Amino acid sequence: MRPSGRAPDEMRPITIETGFTKHAEGSCLISCGDTRVLCTASVEERIPPWLRGKGEGWVTGEYSMLPRATHTRGSREAARGKQSGRTQEIQRLIGRSLRAVVDLKKLGERQITLDCDVIQADGGTRTASISGAWVALRLAVNSLMASGDIKQDPIEKQVAAISCGIYQGTPVLDLDYAEDSNADADANFVLIEGGQIAEVQATAEGATYDEEGLLRLLRLAKIGCDGIFAAQLDAVK
Amino acid sequence: MRPSGRAPDEMRPITIETGFTKHAEGSCLISCGDTRVLCTASVEERIPPWLRGKGEGWVTGEYSMLPRATHTRGSREAARGKQSGRTQEIQRLIGRSLRAVVDLKKLGERQITLDCDVIQADGGTRTASISGAWVALRLAVNSLMASGDIKQDPIEKQVAAISCGIYQGTPVLDLDYAEDSNADADANFVLIEGGQIAEVQATAEGATYDEEGLLRLLRLAKIGCDGIFAAQLDAVK
Amino acid sequence: MRPSGRAPDEMRPITIETGFTKHAEGSCLISCGDTRVLCTASVEERIPPWLRGKGEGWVTGEYSMLPRATHTRGSREAARGKQSGRTQEIQRLIGRSLRAVVDLKKLGERQITLDCDVIQADGGTRTASISGAWVALRLAVNSLMASGDIKQDPIEKQVAAISCGIYQGTPVLDLDYAEDSNADADANFVLIEGGQIAEVQATAEGATYDEEGLLRLLRLAKIGCDGIFAAQLDAVK
Amino acid sequence: MRPSGRAPDEMRPITIETGFTKHAEGSCLISCGDTRVLCTASVEERIPPWLRGKGEGWVTGEYSMLPRATHTRGSREAARGKQSGRTQEIQRLIGRSLRAVVDLKKLGERQITLDCDVIQADGGTRTASISGAWVALRLAVNSLMASGDIKQDPIEKQVAAISCGIYQGTPVLDLDYAEDSNADADANFVLIEGGQIAEVQATAEGATYDEEGLLRLLRLAKIGCDGIFAAQLDAVK
Amino acid sequence: MRPSGRAPDEMRPITIETGFTKHAEGSCLISCGDTRVLCTASVEERIPPWLRGKGEGWVTGEYSMLPRATHTRGSREAARGKQSGRTQEIQRLIGRSLRAVVDLKKLGERQITLDCDVIQADGGTRTASISGAWVALRLAVNSLMASGDIKQDPIEKQVAAISCGIYQGTPVLDLDYAEDSNADADANFVLIEGGQIAEVQATAEGATYDEEGLLRLLRLAKIGCDGIFAAQLDAVK
Amino acid sequence: MRPSGRAPDEMRPITIETGFTKHAEGSCLISCGDTRVLCTASVEERIPPWLRGKGEGWVTGEYSMLPRATHTRGSREAARGKQSGRTQEIQRLIGRSLRAVVDLKKLGERQITLDCDVIQADGGTRTASISGAWVALRLAVNSLMASGDIKQDPIEKQVAAISCGIYQGTPVLDLDYAEDSNADADANFVLIEGGQIAEVQATAEGATYDEEGLLRLLRLAKIGCDGIFAAQLDAVK
């Protein structure tokens, strides 16, 4: 029934290739089916002005799609001279999601920027970005701990994200583009290992849903994130 | 226990003053406690380029805070030369929320823009904007129907929004600024009359929450929106 | 003969509602007929870089129209990404006009920003902004004096503004939109209590005028400003 | 008493060199003392969108200072990415002033842009721009009439502009930079041959002035503009 | 003597992986040592406005570096709101270089955009972009010919580019970052199969060079481009 | 055979009028045939942030065309809100070219900005800018040495620039607009007195050229620059 033939609770295959670029303190290329995002973590020994003197660090995210990551070419945001509302919304989500699992005091007065650049898009680019960004962050923090720059691990938990939706009346896990563009409702869940919720962004496009519908999507998301948590651990070990 | 002394499921008083400005096809000043938003609906006989020839209309939202709506003056977005990510995120939310209850075919080839300008802010400006925008939209559509420009009512339902959060461990309804800036978790719900969900945007700032926590917030939101639905009906009758 | 039926030297009714918003150090909603402008005065304990070390303060103005303040909706300057030439011209005029009656040394090293946001427009928005900004400024300075932050009153006089024009050959006072859009000549006068001139901006749109015509407009403006001075005093006492 | 030793009603020498650049339909370099402005008139067979179908043309002005026209180098507006409020205000003034003497119907459906680029500044750049722009416009229209593109002369009168001010208590004509930066009051007059007023922009910087003061400045301006009208005629004959 | 131990006329290993992304009509990841650029060719059935009605197509280039392609993170151009002069200069070079080998008439009224996104930088990103862009273009045109949309091959020749420079007094081929940042002189050559020159951009940073020096660099470039031509052919066959 | 009737190795007449504006520390109007560029050198006692504490100065260039310097009016970059890629490319070239002959240590911690504003364009504006900028720089440095602010002359050599191209199969020197817009190949050479090369930017527009062609253009450029070197010396003595 799903265009891909997947079962409703079946995710696309996930692969995480670490060390994809050599300059970043942490990097990976995460693939969720045909969606591929390059995630890098850059450590800088500076903090935003409003944090000065608080003895804390900062974790932030940036997001972009390459112009031809999509079916038809999109114009380059740098050429248009501004980032779209969608891009800014996703960047803010990435930052909040990662900060939900980091103790900024333990990070010390430094900033880690998680750049998520979509190489190829097939639905779920923002959730793949979050899941991959955690891996890049983990690798960058490992290196800061190995060098002695950080004494105590500031990363408290794993965080991962997945989209779910109602496709032709059925709740399904991990929407690809064919589903995403036709789904009745669409929800992105950012979950923390152990079952806690960091973020829910649920939108009814065509049809609305009720409390029961929201719960069914949340349960699918838990199944999905458990799979991602395993892939993350496997990648960083 | 709440700074305002309200019970956990007690909303702030809502008033909706219709016809606040004379030029707009529909307008109201909605007050939720000390949060006051001027909502206007402007009808234009044109549609976005990508809708041409489809026989449909469009409903969109814009949002802004006056510079001194807040405790300290914020710089004017027009002077900075761009809208913040937060503003764009809220504008997109307002548009989606209202479109969730409008049959764009019945609207015909015209666009209605819902401008939500925050005169005074005390928490919950985006949710007040959505609740007030519905009133402005209802008034504008009434006038289009009265003039015969629209034959069948394109507004299918009421839509309203409210924020809930976990404040000092307790789920509470309708956060004001004092609560919002200290809440452990914060969720905005956009609900449709009859109990359906249009949007959920839930964020764990300090602590995360689990499935049960999300449900408790959703149930508070239903209580709140029922009150808003009544105030909306009262305003437009 | 005037569209409103007013006598040539008859102003529209003026009302000034102080304390319209609660966060600003001074605020009022000024109505000149159907033109309504929200004026707020924000005190900040900082000064522009080029004033540092001079022991002086600064008074500046900002101006904006809400998108649907006018008959047809105008696009939002924040969305267009820049302020129009008209907006900047008016902002500069507001700042100069208020500084004409303030002793910046007595103000001390602080800045007061006068935000004039047009809620509803029916001609004369720039002059109403100046007249209302004086009230907001007066209230903010009163509060600085009450708290002892300022010892000597830096406001030396009242300042007010009004437009005059030649409508169908007759000099008239306080143009509304119906007159303004058809006037042969249009002049904005910023006057100081006691009859001094702070600014004249006179433009011949259709027909030009001579020295005698300019004087007749100036005399009308004096009549008008006397009325505004009284309304200002009444509002702040 | 004046820094330059001029009498109060004495203008600086004016020279107008026509044909300063070869591509423009009309051009001149106007020098008012050490203030030098290159004015070009460019004819384009297109009109702004809002004039289409009205059988009228348009006259507009643009203004800029070269970065080192002034005592200290100013940053380039093209590099900063926006035109200052001052620049926009002056551009609007140039356009209005020239349109005051042009019959746009006789101009036909074409646009003439008057570019005023300040090569060297020593006070009075905006008024020199207007006086020079009239010469460039006259030359461009002459050429359109010679070619038969225009049948009836659309230029109805001469227009010129001059600044006056109160310097150390004395009303003086044609402020140079040394006076302008220390004047108590400063007024720009745009006058039309025969004594009519097109624009007055009078600002009290230090001290205010009364009706009598305004009249004295206006009378000085008439003396000055009579000299400019003669120089314009001499340049274009 | 070279930091990498390469001989003066020895290039870094080149690999070209075609089909790196699935949506683009042509794509490859070109690696020149540690410099890696993703090149995609996007075919659009539209042309720039100034080409309409001429029966010709257009080939253009865009270029960007991912923020962490470099040793230290660079800010994102989309976030800064404009493209740097360096980016624009490179984009123009890419477009001119590719157009030098394309018959735009045979391409027909369509545009091909060559996006060159630098994944990892180690010197020579602009030359690698050009060499890779030819491969992406070749693949896209092959597909247009296979579908019958183009009858005659519009690509007349191969084009490739390489940098040369004078490093510690010795002319060397294919500068990497360690050399590039310390070279006395630096030249980028865009060559066409058969030995013709499409572009030379030679800059003396520290020391200047004479005619003989320029010729020696050109001869090294020919050696380098012959190697790239072979790699290109191998990739597209 | 050339549209101007010049011999292939014949330059247009060059004139350099120094002291064209009075405020700049150095200035000249350079004319190469009908191409006229105003070059000013502005000395500022500040340096870019990245040079602080190095005991060095900086030399940079800015470039602009007046809107009607060209056959048809071009829009003003300040009004468009950004500088074109072409402008930025030329600015970078001017800066690099002048820095090639300046010892930045001897300049001391100050910045000299070379503003090149094209008054009238007829081909070769960027090369005329470089040749004129050297004169303005020389005059400004002379004045700094005369005042004792600089002890040792930081200008080591003369630098000049000229364009050459292949026009109807013949290599020609100093392209004017009529040739430039029809040339098969076009090269800009920046040469240093004594025969060294500072920059080569050679582009094949229609046809490509080989090593021999490049050499022939370089030799023409040497002839041309020798003439400019003489004119520069003559202007500054």
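Chains: A, B, C, D, E and F, in written order; residue numbering restarts at 1 for each.
Here, a residue touches a chain if its C-beta (ideal position, glycine included) is under 8 Å from a C-beta of that chain, and two chains touch if they have at least 3 such contacts.
All of these numbers come straight from a predicted model, not from anything done at the bench.
Visitor: Which other chains touch chain C while also touching chain D?
Guide: Where chain C and chain D might share a partner, there is none at all.
Visitor: Give me the chains shared as neighbours by chain E and chain F.
Guide: Under the touch definition, chain E and chain F have no mutual neighbours whatsoever.
Visitor: Need the graph distance between chain A and chain E over the touch network, please.
Guide: 1
Visitor: Average the CA atoms of each chain to get its centre, and name the chain whose centre is farthest from that of chain C.
Guide: E
Visitor: Taking each chain's centre as the mean of its C-alpha atoms, give the chain farthest from chain A.
Guide: Between chain A and the rest, the longest centre separation is with D.
Visitor: If more than half of the interface residue numbers appear on both sides, call it same; otherwise different. Which is it for chain D and chain F?
Guide: Same: when the shared numbers are divided by all numbers used, the fraction is over half.
Visitor: With chain centres defined as C-alpha means, what is the inter-centre distance between chain A and chain C in Å?
Guide: Between these chains, centre-to-centre, one finds 50 Å.
Visitor: Centroid from C-alpha atoms only, then distance chain B to chain C, rounded to Å. What do you get?
Guide: From the centre of chain B to the centre of chain C is 33 Å.
Visitor: What positions in chain D touch 2 or more of the other chains?
Guide: In chain D, the residues touching two or more other chains are 81-82.
Visitor: In graph terms, nodes being chains and edges touches, is this line, ring, star, complete or other?
Guide: The chain contacts form a single closed ring, each chain touching exactly two others.
Visitor: What is the order of the chains around the ring when you begin with chain D and head toward chain F?
Guide: Cycle of chains, anchored at chain D and oriented toward chain F: D, F, E, A, B, C.
Visitor: Enumerate the contact residues on chain F facing chain E in the complex.
Guide: Touching chain E from chain F are residues 82-86, 88-89, 91-92, 96, 100, 187, 192, 195-204, 208-211, 213-215, 218.
Visitor: In the complex of these two chains, what residues of chain E are touching chain A?
Guide: 21-24, 27, 34, 38, 40, 42, 44, 62, 64, 66-71, 73, 76-79, 81-83, 87, 113, 115, 117, 119-121
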